[in-house]
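Next come two complexes built around chain A: one with chain B, the other with chain C.
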Partner chain A sequence: MMLRKNPLINLFIGSFYRLPAPININYLWNGGSLIGTFMVIQVLTGLFLSMHYCGNTLMAFYSVNHIMRDVSGGWIMRYIHANGASFFLAFIFMHIGRNLYYKTYYRKGAWMVGIVLLILSMLTAFLGYVLPWGQMSFWGATVITNFVTAIPVWGETIVNWLWGGFSVDNPTLNRFYTFHFLFPFLIIALSIVHLFFIHQTGSSNPLGNFSDNMKLDFWPYYGVKDILGMFLSLFFFLLLVGFSPDYFGDAENFLKANPMVTPVHIKPEWYFLFAYAILRCIPNKKLGVLALVFSIVVFFFFIFSKKKVLPSLGYRLVFWIWAMNFIMLTWLGGCPVKDIFIFMAQISSFIYFFFLFLLMVI
Partner chain B sequence: MRLSAIRQHGFGHLGVKVNKQIIYTMSAFEQNPIKGVLRKGVPNMIRRTRESFFVIAIPALLAYMAYDWGVTAQAKLDRKDPKMYENDV
Partner chain C sequence: MTTFARTAFSSKMSNTMHIIGNSFKPAAPVALKQGSPAVPRTNATLQKQGMFLTGKVSTAVSLIGPASVRYAHSDVTVPDFNDYRPKNVSNTAITNFREKEEQRKKDTKTFNYAITAGAWIGGVYFAKNTVELFIKSMSASADVLALASIEVPLADVPEGKSVTFKWRGKPLFIRHRTAEEIATEEAVNLAELRDPQHDNVRVQRSEFLIVVGICTHLGCVPIADSGDFGGYYCPCHGSHYDASGRIRKGPAPLNLEVPEYSFPSEGIVKVG
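Moving on, here comes the complex of A and B:
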């Protein structure tokens, strides 16, 4: 084809239009494109929000109210952006779950970049949650940034450097706005690197076997399937945005940040609750922070696991126990700090790490 | 349409070199897009569900039982002891 003589068009055709995809990949392989869709949605809505948001402690809360009430279509931009973050992270969790289930972590490059993308996404979401400068924004930022004090010797110095002062205040909000704007572009760049690694060998498939001799062109087969997935997920997304946009929100964030009044139950958004449960159940502060960090870092160790084989019945059972335990940890992270819930969180945290270890060795 | 291709590896160059293309087509009017969706699709769905039901249902049930126990046990701990107020007027 004449078109393929142009290197850029050749790259596009080879990576998308005529990309050979296994014939048997199911809807769990839609995850990547869905994450990409919500990435685009977040960047676009974020751009519009940034035109009216003011990143100063005196104005931030009121500017968000201004966006909601005065700016034309501002309310839907805000609600799409807030709930889009939930869907973005939900699809990331599903994507990681699929890779764990089908053991595609044998692709070390793609897996490592993927975990870095997870960390960056969680960081971006945390930074974004601080921006409305509500009670939960302020106190969530205070709690999370205080973890840095667990670093021996230099902890206090580092956290003061991060804050730009001696507590979470205007310099902190300003730099959080800057990084919240910057990190998504880093995520996009790393996503291209992620795709680069995957396209070295092509997509995996549910049977886990060699599929070089049973491929289909990406377009129209998986292109149309991805578009269907996008329509379905956008349907549920817009149902949430249209009918229950504050479902994942916290009532405390309707109050402006007040450093003199601590909310009764400080808790992060749902996608951090599993790590929050692990942190809270350990009585020692340093060990709690270490466990929190390790709950994400542990995924890097999957590159050392056994060579890829088809998931056995035992592996699948271990995976589902781990997955249900993950949901349980998420619930426990949102529970108040009471004896039974702390005890259950301790058991669940042990199961989280032990069963991840089992997944690595089975 | 299937590709009979010699695969090459590398970004943007997967399966680029095409030796032979065999294209089978049929008129759209001769095709039924939902052919067998009930007769074959429903039994297949039942088969796939049966194969993975217990592997998912058992952990889910265990998790629910743990959740239920936790909520009930904590509610009991939150209650005042009724025996202390038995003889209250």
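Moving on, here comes the complex of A and C:
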């Protein structure tokens, strides 16, 4: 390889082209590049959607309709953007799951930046969901911003400040549009920091052992593998967008926001359902909100778990039970508010936190 | 909890084993000896050497102890893969390897090139369509295109009056000219005009002048029935247009634009 004097080219070669990667990483290591792919898709489609969207309560709903019906290719860009968010968060969950399974939270910097990225991504998705100004957009915004009222003493003041008024209305929509546009760039910047931390040590590998003596150049091996992963996921993604684009949507969002009438079955998008189930199963408002926040914040505490050792049989058992329970919790979040579902959600929530605690100590 | 493994190979084996557990410091050093080269160790011969018959491996694994046990296998030879290799590849001596590789690449050249070409064609098609999607999304949307042409009932324009309509976001002047105005405009000497055009090329029916109401100087909207020539006057920089929409005085370089229009039925003009 010729000696490169240009520091930018050197950086590119060292971080990508000739990045040393362990010889034995499997398809679970495709998560990062897939998240990046969907990040690019979301930014591109979002950019072009923003050329036609109007962030004012009088126009927002109709501008989305205009995009769907009048703008050339608008319908597919909107469906790609909406479903892209689902895929983006799905891959984030899988990525976190893989890191939890293989115990890579020993790498504290990368792990903590990763959890911050998770929080930012969830926030961005929430903000974006409000923009169409349908019934679910409005009431989802109302419910989630109302969490802030759980803060003692200043809760009410803060939420009015957040709303820019006395309820979710035009000022709220305007600022949500601004933040929805801004946060992705923050996510991109933090992703670079995330990669920086990871490249200090290089990728981990499924055996969990030291792998400096068995590395391959990233390109072409993992470059091509990543491209294959992108093709596969884009195939399923475009199947969804082309044949069932409203699958993850809610019928209520076809109705324009009505501040006077709350829908009977209100629920967030699927990626928030696990937290929603945890919130709903606790009959106390403040504790419920605390539990919801803690369900994400708990991941920060993994940096205090004991020194990295290989995942044992017991660890893997606990992990898989936790993972299945996570899916159960997601399903329960979408169930109506009936005693049996609340009871099941209480059990599931307990398992969620207790098993995460177990993962920290085993 | 510790994990241990003991291998009790018979004395036919001459290599010792090194157990790599989960400890961070190395265990006893590995003592490796060369296997006897006279005894080929392929899948066919291993059983004869009694590896499976006399070898005994045991492990003890705990629930929360380390889950993987690794051996240093220094005695296993690479099996014979010849049955699985493609026809044009074999494991002949390494001195032939470079030539064999060169030959193999030549043999599979057609297939490789065909797949590459197909991938490029598909990829370019996909890329072109994706770029086109984004670029097209910025062009006029269906609601804008729907208002690209308008139909105006001519009865809405009384004789002697100029009425302004909105067309493609711009003002459109429809002037119902009197006979005197028509005669005056037809008699104008073309040599006097900055942008020479006879009146009869600017109108399809002499009674109706249809022009875009945007001054050709810097884009302001002229005022109807004013100016020195009985037509339009632009207040921004003082351009005077006549009753045929031609520039007569002032800084504007060109006559008022005549759009595409037609008369699909009696009493209706369709512009655009």
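In this text, the second predicted complex is superposed on the first by the 359 of 362 C-alpha atoms of A that agree within 3 Å, B and C clash if a C-alpha of one lies under 4 Å from a C-alpha of the other, contacts with A are read in each partner's own complex, and residues count from 1 in each chain.
To be clear about the criterion, a contact is a pair of C-beta atoms (placed from the backbone, for glycine too) under 8 Å apart; a residue touches a chain by one contact, two chains touch by 3 or more.
Just so it is clear, the model here is predicted, and its values are computed rather than measured.
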| item | value |
| --- | --- |
| First, second, both or neither for A:F88, with chain B first and chain C second | neither |
| First (chain B), second (chain C), both or neither touched by A:Y271 | neither |
| Chain B versus chain C as contact partner of A:D217, first or second or both or neither | first |
| Partner chain in contact with A:P20 - chain B first, chain C second, else both or neither | first |
| Partner chain in contact with A:F299 - chain B first, chain C second, else both or neither | neither |
| Touching partner for A:R316 - first (chain B), second (chain C), both, neither | both |
| Chain B or chain C, by number of chain A residues touched | B |
| Which superposed partner A:G202 touches (first chain B, second chain C, both, neither) | first |
| Doubly contacted residues of chain A, that is, touched by chain B and again by chain C | 313, 316-317 |
| Chain B contact footprint on chain A (complex, rising order) | 4, 10-12, 14-15, 18-20, 195-196, 199-202, 212, 215-217, 313, 316-317, 320-321, 323-325, 327-328, 331, 338-341, 344 |
| In the complex with chain A, residue positions of chain C that touch it | 22, 61-68, 133-134, 136-139, 141-144 |
| Sites on chain B touched by chain A in the complex | 1-3, 5, 7, 9-16, 52, 55-56, 58-60, 62-63, 66-67, 70, 73-74, 77-78 |
| Parts of chain A lying in touch with chain C, wherever the complex brings them together | 44, 48, 51-52, 66, 69-74, 76-77, 207, 309-317, 362 |
